[in-house]
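Got a structure for you, written out below as structure tokens; questions coming shortly.
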Amino acid sequence: MSATTGPVAINTFREAVRDRVLYNLVFFALVMIGAAVLVGQISIGIERLVIVNLGLSAISLFGLVMAIFIGVGLVSKEIEKRTLHSLLAKPIRRWEFLVGKYAGLLLTLTINTGFMTLGLAAALLYVGRPLVRPDVSIVIAIYFILLALALVTALALFFSCFSSPMLSTLFTLAIYITGIFANDIRAFGDLASSPLVKAFARVVYYLVPNFHNFNVIAAAAHGEGIPFSLVAQNTLYAACYVTLLLLASSAIFSTRDLK
Amino acid sequence: MSTPAIEIIGLTKDYAVGFWRKRMRRSLDSLTLQVEEGEIFGFLGPNGAGKTTTLKLLMGLIFPTAGTARIRGCSIDDVRMHQDIGYLPEQPYFYDYLTARELLDYYARFSNYGALERRERVGRFLDLVGLASAGDVQLRKYSKGMLQRAGIAQAILHDPKVIFLDEPMSGLDPVGRREVRDIIVDLKKQGRTVFFSTHILSDAEMLCDRVAVLSGGKLQGVGAPADIVSIEVHAMEILFEERGKHPLPNELKEKATTIGGRYRVEVAEAELYPALAQLESCNARILSISPVRPTLEDYFLRLVGREETIAPQVEVNSR
Amino acid sequence: MSRPKQKVTWIAATWVPLLFACVAALQVGIDARTRTAIQEQEELLLSSPSAVQKISLGYDSLLADVYWTRAVQYYGSRAGTDHPNFDLLWPLLDITTTLDPKLVIAYRFGAVFLSEPGRAGAGRTDLAIKLVKRGIAANPDQWRLGADLGFLYYWRLKDYQDSAAAYLEASKEPDAPLWLKIMAARVAQKGGSLETSRMIWSQLYESTQNQTVRKKAAEILRGLKAQEDETRLDELAGEYQKRFGRFPASMLELRDAGLVRGIPLDPDGYPYIFGPNGKSRLNPQSSVVILPEIKAPPSPAK
């Protein structure tokens, strides 16, 4: 299988690079430099806190934008541009193609995040804070961000299999935002009096991916420890949900007529 | 009897049309045909006849409503079927951020070649289609003709046994078309099967062992080009020009078409010698005498004309 | 070889900067009309913490830092001006701590400056206590917040019972220093005494990183010292009066009577002087200030 998905993944990564997607790193660098230089003047005593907050939030936000905007075009762009026609004549199954595209974008996101992590470390060192043991929570926070991005990418890919880029963007964003407020939805349902509303809220709560689980930015900023059980749980959750989405995407895409 | 290279049985494709997707339009109606190994097979038909639909069905880009097909004995449902085939889509688009070399290398990875052999192949086929000098230019800078050549290269790079070409000559200048014709002939020499669709009938006549004619989604006829078109000679064509002081006989002149100083006239076979005598008497210079045979084009036009008077589209009620 | 310039390029080259200048000028005019006279009225678009939390879309702690910065600047730009308005300080700190309940410095800042009366604070001790209690609930291991609560009860409300209780609670934390227990005992027994007050302000001075708070604490400590000195000097003046039948006119007389060794200096280095009625007071040149809150006689706990 990797004989076919591998080349597709590498090619997807190459496309991102040639589309100058990685230039967002320049923008990120500017933000971090600005923050590192200014933070001492604005918020004395909490330099680490601010830099970590800003850095992690930026990594999350930039990654999100990339995951959605490239993700929704993963399949639809190839259909639109008819590049898929000659590729599918090769001995590659449709689901192998999907997994390859997904892996390629995930690779792009991981490398992008890796560079950003270096930038964050550099900014921390600049404000005079040496990297200490509690900083492992920053690494874990970044790992969680990557897990969330993997989920968002899978969502975008799923929609890309059957709807236009614009609609896919809307759907993916809508589910992402719902996922952030998942806990609030559940709380709202618990408070409601109607059992129908209660049940509906519960169902939505369990169906929608809970992105709140992956947000440990505050804990990392305060240097708190993050329990290993959470790391294991989140990894498993993301893996299950991503697999689910890839399966659904494969099912839809494998029976679809290409124009 | 060896396995046919391509075997199509009752292949049918309906599309749902209309705002509510209720009506069905049958774009391919129960196509059945066989292509033997080593043949150059032409797939002819006017636009909208269903040629591209057929090819897309065979490639697995769209799925049949009914019917099956096998290529070298392997069903089109089976992904392994794709290992030994090559495909050039109509108006191909490729990843425009890649160079031709990178594109061929990418596609070559789906066959099991080592890195060295892959590189050698890519170079060889770039050469073959005349893209050696432009091999490292991004495809987005390619002209249509260059894209076509790149498309042909990726279709045959892995030495497939059966090659499917959808309008392979499109976008090429006469030199390019000649080169593609040569490639196709060469492929046959190597024992491969070539299945190509076109609406350039002269190419089909020149290259194909057999042709199939498709119109309105239905197969109208299959056979060698010569079989489809009758060999009977109906008329003779004379090309001549005026020479000397004697004017041409009026009746001939009226029947003739003229370009520049040259005249062309068609006469019934029985009238040939009398016409020649007339021209001899005016001392006209005879440029050529050749039989007028109905071409594939005539057959084609008759076919399409007849189809259009019967029914513009075949509509099938939804089930 | 450059391409020949179109006519529209020339038109654009001249008009685009001109139009930009117009836009800027118009903006100046708009600003002048909407600006209010003395102080810019600042408004918080969203003063509900839960609303802000919804908007933040998961980037709570970053937004908390933003609001914290805003709170600090809001305070800094108003403190010391005539008739300052600190109405927004509580909502800003409320939002900050709702977005990031672990931002301890925000609670500590609020403890001092929400309760501070006069021109240096909002004068709302109730809100300060509310904020600090919330901070303690969210950060039970932060004994400094418990000490801040003790401070508030002691200094602002003169409520020595609750103050002692707060110090005691804080002393139970694993990292808590010893002086908390001592303070709890002192406050309970000798609440209101200058010495106790000095201990509390000293601890605040030591434990804060906020420069404004430090300055304030230093100022109060000096005032407390001056107050202590004045009380002692008044006692000595009474002694003098008993001996010589009148109050001393200056420190020199006190020294000559052998009641003090040398001229007593205030924390700023200026000698104290005696008023006409024999009450000692600070030299007018001194920058030490005895704030009214120090002067108010300590009343027993309610």
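A, B and C are the chain letters, set down in written order, and residue numbers restart from 1 in every chain.
As a working rule, a contact is a pair of C-beta atoms (placed from the backbone, for glycine too) under 8 Å apart; a residue touches a chain by one contact, two chains touch by 3 or more.
What you see is a predicted model, and the numbers here were worked out from it, not measured in a lab.
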Edges wherever two chains touch, nodes for the chains themselves; is that graph a line, a ring, a star, complete, or other here?
line
Would you mind checking which chain's mean C-alpha position lies nearest the centre of all protein C-alpha atoms?
A
Work out the mean Cα position per chain and let me know which chain is farthest from chain B.
C
Just give me the whole-number Å value for how far the CA centre of chain B lies from that of chain C.
89
With centres defined as the mean C-alpha position, give me the chain A-chain C separation in Å.
44
Please work out the Cα centroid separation of chain A and chain B, and write it as a whole number of Å.
48
Counting only contacts in the complex, chain C reaches chain A at residues 54, 57-62, 64-65, 68-69, 72, 100, 102-103, 105, 209-211
Residue numbers of chain A touching chain C in their complex, please.
42-46, 49-50, 53-54, 57, 60-61, 177, 180-181, 184, 211-212, 215, 217-218, 221-222, 224
Within the complex, chain A is touched by chain B residues 56, 59-63, 79-80, 82-83, 85-89, 91-95, 97-98, 106-107, 109-112, 151, 154-155, 164
Residues of chain A that touch chain B when the two form their complex
3-4, 7, 11, 14-15, 18-19, 81-93, 255, 257-258
